[in-house]
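Below you'll find a set of structures to go through.
Note that subunit A is present in both complexes that follow, paired respectively with subunit B and with subunit C.
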Partner chain A sequence: MKRRVILFVALFSSFHLFAQLENIDLGHISGNVSLLWQQYNEDTLIGAQVPPEKAGFNAYGNLIYTRGNFSAGIRYESYLSPILGYPGRFKGTGIGYRYAQYTHQKFEITIGNFYDQFGSGMIFRTYEDRNLGYDNAMDGVRFIFRPYNGITLKGIYGHQRLDFDSRLINTDGIVRAADGEIFINDLIPALQEKKLKTTIGGSFVSKYQDGDIIEKDTLQLIVPNNVGAWAGRLNLQWKGLTAYGEYVHKINDPSADNGYTYRDGEALLVQLGYSRKGLGINVGGKMVDNMSYRSDRDLLLFDSPINYIPVITKQHTYNLAATLYPYATPLTGEASFMAEVFYKIPWGKYGTNVAMNFAAANNLDTTKYAGVDEQIYGFKRNSWGFGDTKYVRDFNVEVKQKFSKNFQLKLTYFYLEFNTTSTPVTTEFKGIVYADIAVAEFKYKLAKKHAIRGELQGLWTKQDRRDWATVLLEYTFSPHWFVSVLDQYNYSHPDPDRRIHYLFGTVGYINGSNRIALGYGKRREGIFCVGGVCRAVPASNGFEITVTSSF
Partner chain B sequence: MKMNRTLQLITLAAITAFTSCDIVEFPVVPSNGTAYREDLYGPAPDFSPATPDQQVKRVMLEDFTGQQCGYCPGAAVVAHDIATNNPGKVNVLAIHSGSLAVSDGIHYFNEFETDEGDIYFGQLAFKTNPIGRVNRAPANDVPLAPGQWVAKVDEELAIPADVALQALASFEEGANHVNIHVFTELLNDYAGQVRMVVLITEGEIEGAQLDYSAVDDPETPENEQILEGYIFEHVLRGSVNGAPGVTVANNEVAGYSELRSYTYTWNSTWNIANSHILAFAYDTETGRVLNSIEIGITQ
Partner chain C sequence: MKQLFFLLILALSATFVTAQNKVPNVQLKDIDGNTVNTKDLLNPDGPTVICFWATWCSPCKRELNNYAELYEDWQAETNVKIIAVSIDDQRSVSRVAPYINSVEWEYQVVLDPNSQFKRAMNVINVPHTFLIDKNGNIVWQHNNYADGDEDELHEQLQKLQ
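Presenting the complex of A and B:
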C-alpha cells in the first residue's frame, strides 16, 4: 500500500511538472544549412586542374537559440577540402562562429563573434560573404547603449577572424571601436514632426598590433603599434531629397597594401538623391586615399580588413558584365563619380521602366616624392580630384517592358572602359579594355506553373580575349522543379584553340525552404565579385551539388 | 546627474582616442643611434629663439679626401686656412671616400670610410680626390676643386642665413651615451622642405698619409712619400640621424622651430675629447646647405 501511495505521488508530481513546463517559454531554435560539393575533372583546354582530393566540399550550418531578450548561436563549418578558389588554408570541420547576446532596456551586449558596420563602412565594417570566402567577423565584446530616444552608442573590443583550421583562428591585432549616432528628430520632440530628418554620427577606431622596426632599403622605420582612425557623417532627408556625407581620416599606417608608407589615409563620400513616384535621381562622389585598414599590417586581399570601401560602379548581375570586368576600388585609392536616373514612362498598361547609370573612377591627383621621402611617404596628393590615369568608365542603360501578364522583356546596354592594370582581372591584357555589352532578357509564362526565362548576352571588344556571347535558358515548373543551361562562348579569342564553350547545366528541386541542385559542366576561370570585393576562381570541370535548407 | 554621466562617457571616449594613436612624425630610426632617452636624462632642454649672434651664417666645407691621395694633404691645408681666416664661420668636414680612401693593410691602416661618406661622395657628378663642396652650392652634385673653395666660401658667407642652428652635446660616461640636442629655427619664411643632419667628426688622429709634397723629387719611391705621423682633422665618423637627416620644416614661416634630441651610444674607439658634433640644415629639393654648426662634446 505504501509503495502504491509513493508511485501515485511520483506520477502526480511528474504530470504537474510537465504541466508547468508547458507554460514556461523555453525559447525556440532556428537555423539553416548550406552545402556545396564540387567534383573536378582534368580539362587541359580550359586549364582545369584536379586537386588530390578530386573534390571540394564546403558546408555551413547555423543554429540560433532565442528566448526573450537572449539569443545565442553557432555556425558549424566544414572545408573537406575547400572548393577551388576558396582560401586554400581553410580546412577541417568545427565551430567557426559563436556568440551570445542579451538585450535589457537600454543596453545590448554581445560576446563572441559579431558583425557590425559604422556609417558606410569606410571606417569599420565586418561582414561575411560566403560565396567569396570573405569573413572578417569580430571576436570579442560589443556593447550598445541607447541612453535617450534617438541616441545610439556602440563600443567594440576584440580580435578579427583570419583563418579556419577546425576552429576559428583570429589575428593577433586588437580592434577597438566606438560609434555614436544621433537621430535629431527623435532626440528633440519639437522636431519629430518636421519634414527635415537629420542624423549625425561619429566613429573612432583603433587597432593595436605589436611591432618594432621595419627595414626598407637602407632605412629602419619605427612602426606605429596603435593606428587610429576617426569619421564623421551626416544624413539629411527632406521630402524626396536625401543627402549623405561621410569623411574618414586614418593616421600613419604602414602596411603591405601601401608599401609600408606613412601618409595618413583619407576618404570622402558624398551622395545626393531625389525621388518621387516614377522618378529617381542619384549622384555621388567618392575620394579614397590610402584607406586600406587591417588588424594585421602584413596581410593582403581578404585577410582581416577592418573597413570596407564601397564601390562606385553599379553592381552588375548579368554574367558577362559581372564576371569579366568587375570593378573594385584599388586599395591605394581613387577619385570617382557616379550618376543614375530611374524613370518610369507612363504609357500603355504597364509603363516602361528606364534606368541609366554612369560611373567614372581615376587614380588620385598625386606627385611622387623623391629620395627618402618617397620611401617613407610615397607621394603627396595635390587635390581631391581626378588624376590622369583612367580606372573605369561604366555607362549602362536598361529598359524593362512588361507586354502582358505572361511576357516581360528587359534590354540592357553597357559601355565599359576598364583598366586591367589597376584592377587586374585578367592576365592576358594590360591596359584599357573598351567593351560594348548588350543583354536581352525575357520571362515568359508558358502556362500555369510553367515559365521560361532566357538571357542573350554579347560582349564586343578588340582587347584582351575579344568577343564573348552567353546564352542562358531556365525552365521552371512551379513549385518544385527547375532546369537551366548556360553557355559562355569566347568566340573570337585571338587564339583559335581557346574559342571555348563553357557549358553548364543545372537541375534542381525546391520544397518550401529546402533546395537541392545538381550541376555539371565547365566553370570558367575568372574574378568573382560581390560588392566590389573579388576573388579569383580557377577553371574547373565537373559535377556540382548544392543544398540549402532553413528551419 | 545625466550631464555628469554624459561627460564621463565623453571623457572615456577621449581617453580611448588619445591613447590609441601612435602618430609617428618621422619614422626613420637614427642610424647608429637611438631616440633621446628622456627616461634616463629627463626632458630635453629648452632653447630660446636665436639671438643676433646666434643667427650667424656658417659655411660647411666638405673635403672629399683619402689617405692614399697624394694631393689631399694640400687640399686639407686649403681647408684649414679657410677655417682659420674665418674663425667660427667655416665648418670643415673631411669625408674619406673613394678608392684612395681605403686601408691597404700595409702602409695605411686607418678605417675612415663611412656609409654616410659614401652616400655624400656618391652624390657628386665627378668623383675624385681631392674635391669638395661648399654648402653644396651651386648644386648638390657639383664638385669644386680646392682652388675654388676660397671664393665660394666668401660667396656663401655673404648670403644671409635663412636658418639658425643651436646645439648642445654632453657625454654621459657611465652609460657611454652622448646626448645631442639641435634646435633649428627659421629666420625667414621658407618655401620648401628643410632637413637637418647631425654628424660626428673626430680630429687629431694620427696615421699614414700619402703626400706628394713631402718629397720634392718625383723619382723618390712612393713609400718615402708617406707621412707616418700625419694628423687627420675633421674626420667624418658617422651620423646620428642618417645621411639624409630628418625633416625639420616644411613650407613654414619665420620663427618656426624644431628641436631634435638624440641619445647616441658612443664608439669608445673614438677620442671624445677630440670629437665634435656637426649639424647642418639643407633644402631637401636642391640640397643646398642653409646653415651649419659645430660644437664640442661636454664631458
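Presenting the complex of A and C:
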C-alpha cells in the first residue's frame, strides 16, 4: 500500500515535472518498420526448392532521434533466414547501421554509417535498396563544410559495408573521398536572379587495400594498394534547357571484374534536355570503360562497389518489359546513347500524352593486345564510339488518353534487341533476343472510392522461352483495401511441359502509413539489376506476408 | 526505486511520442538547379503536402496527376502547397523535368537522387504522402495510392482549416 502511494506520488510529480518541461525541447523520435515473410513449397515444374527452414524472414526497423541540430539513428536488421534471392550469407539479427550527426551553421559532421553521392555517382555513391538487398553504406566519418553560400565541400573517410552476421561486417579496404561543388549563382550575388544556373564540381576518391603480387604464367605483377580516381562535372540550366556532363578517370585497378588487368578506367556521361509546357526532349550519351571500382578488388556482383554506373535504358514498369530482359551495363564497359520525347497533344478536354524513348548500347571499340601486353592490359580502346557487339536496342512508345473523369487507357509498344550473353538474364538462350512487347492498361473508377485497373501484356519472340502473356487485375477500395491477381503465362515455351502459369494473388490493407499485404502463388525465377550488376532470384511457390509502417 | 525509474522512462517516452514530428532539414536541388533546404519549402500560410514519387512509379504518377486536376480548387479552399519530391537516381533524373512539363504539373518539384530526404522522412516505398500543418508538424501520412485516396487527403486538409 505504502509503495503504491509512493508510486502514485512519483507518477503525479513526474507528470507535473513534464508539464513544466513541456516547453523544453526533448527531441523527437521517428522511424519505420518493414517485415517480409515468405513460405516455400516445392514445385519441380518451375524449379522452386524448399530451404531447410521452409520459410524466409527479413525485417528492418529504423529509429531516428532528432533534437535541434543533433540527430542519431539505428537500423535493426533480421535475416532469419534470409528471403530467397538475398545474399544467402546474410544471417542473424542485430544492428546493421548506426550514426550520429551534428549540424552547426556551416558544418555538418556524421560519424558511423552514412550514404552519399558525388555528382552522378559514377565516382562515388553509397546507397541502399532494401528490396534488392543492396547496401554499400560507408562506416566512418563525413565532414561537410559550407564556407560560403553556394560552396559545398565534403570529406569522407571509412570502411564500407559488405555483409551482415548479427552485426555489420565491413570490407578491409579504406575509402577516402573528397568532393567540392560550387553553385555559382549563390556564390556571386549579382548572378542570383540570372536565368543561367551554373554548377561545377570535382571529386577525388582513393581506396587502400593491402595486396602483394599476382602471378600470371611467368609474370609476377605488383598489385597497387592505393587506387585513386578523380572526376569533374558541369551542370548548366537556362530556362527550359539543361546540360549535364561528367568525366571520371581511375588509375590502374586490377580486380576480379577486369581479369586483374592494369588499364586505367574512364567514364563520360553527357545529358542534354529541353522542356516547356507540354513538351520535353532528352538526349544522352554514356561511355564507360573499366569503371568497376570496389573497396575489395576480389569481390563481385553487389559487394562493396564504391561507385554507381547509371543504366542507359529506361526503367520499365510493366512486368514483362521490366523483368524478363532488364538491361544492365556490363562492368567491362559499354558505349551508349539515348533519346526521348514527351509530348502532350492539346486536343479535346484532356489532351493525349505521348512518350517515345530509344536507347542503344554496344561494346567498346577495342583491339586486343597480344602476348605479355594482353596479360597486363587486356585490350586497348580505339575510340569513344561503338564496337561490333550489340548489347541492347530498346525502343518504346507510350500513348495515354483520358476519356472521362472515370476512364483512362494507356497503350505501350516496345521493340527490344537484347544480348543475353553480355547481360545474362536467362540460362536458356545465349545470343540476341528480338522481342515485341505490347501492353494495354486501363483504369476505371466504378464509384467514389472504388476503382479497377487492368493490364494486358504480350511479349513475342522466336528466341529464348518464346512468347509470354500477362494479365493483371487490381481492385482498390480507397483508402484501405486492395486486391490484385497477376498471371504470367509462358504459352509457347518450346517445351510444352513448361508452358506454365505463374499465378500470384495479393490482398492488402492500408491505414495511413501502415500497410499489410498477404500474397500467395508462384514467382518466376528472375533477375534483379542495380546499376551495372544483376543478381538471380530463384523461383518460388508459397505464401508471403509484408508489413510496412512509418511513424 | 526500480519502478520509479520505470515510470520516469515511461513519462519521458510519452512526451517523446506525443510530441509531433517535424520535417527534417536536408539540402536538395530543385528542378531549376537551385539549392533548397527542405525546411524552407514548407508553406507558412497554410498546409503543405509532400509527395515522394519517381518517374518509374506508376501509382505515384497517377496520384500526382489526379491531384493536379484538383490542385487549383484545393488551393482556393485551403491555401495548400504541394511539393513533389522525386527519388529518381542518375538513371532517370534527367527524365523528371521533361516529364513534369509534359503533364503540366504546377507543383514545386525537388530532386532527391540518393534518397537522403526519403530516408530522413522514414519513407519505405513510394508513393508516400505527408500532410504538414502551417506550424511544420507532420499531422497525417499515407503510403500507397489508389484512386479515391485524394478524397481522404481532401478531408484531412479540411480538418486543418
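Criterion: the second predicted complex is superposed on the first by the 526 of 551 C-alpha atoms of A that agree within 3 Å, B and C clash if a C-alpha of one lies under 4 Å from a C-alpha of the other, contacts with A are read in each partner's own complex, and residues count from 1 in each chain.
Here, a contact is a pair of C-beta atoms (placed from the backbone, for glycine too) under 8 Å apart; a residue touches a chain by one contact, two chains touch by 3 or more.
As the structure is a computational prediction, the values presented were derived from the model and not from experiment.
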| item | value |
| --- | --- |
| Which superposed partner A:228 touches (first subunit B, second subunit C, both, neither) | first |
| More subunit A residues in contact - subunit B or subunit C | C |
| First, second, both or neither for A:285, with subunit B first and subunit C second | neither |
| Which superposed partner A:317 touches (first subunit B, second subunit C, both, neither) | second |
| First, second, both or neither for A:333, with subunit B first and subunit C second | neither |
| Subunit B versus subunit C as contact partner of A:85, first or second or both or neither | neither |
| Residues of subunit A contacting subunit B in one complex and subunit C in the other | none |
| Contact set on subunit C toward subunit A in their complex | 3-4, 7-8, 11-12, 14-17, 19-22, 24-25, 27, 32-35, 55-58, 62, 89-92, 94-95, 97-99, 101-104, 113-116, 119-125, 128, 140-144, 146-149, 151-152 |
| Interfacial residue positions of subunit B with respect to subunit A in the complex | 5-6, 9, 13, 16-17, 19-24, 26-29, 31, 115, 193, 242, 244, 247, 284 |
| Subunit A - residues contacting subunit C, complex | 3, 6-7, 10-11, 14-15, 17-18, 21-22, 26-32, 34, 62, 64, 66, 71, 103, 115-117, 120-122, 125, 127-128, 130, 150, 152, 183, 185-186, 197, 199, 235, 237, 240, 242, 244, 269, 271, 273-282, 284, 308, 310-311, 314-317, 340, 342-344, 353, 355, 443, 445, 448-451, 453, 476-479, 482, 508, 510, 512-515, 548, 550-551 |
| Subunit B-facing residues of subunit A, complex | 147, 153, 176, 178, 204, 206, 208, 213, 218-228, 230, 251-252, 254, 262, 371-373, 376 |
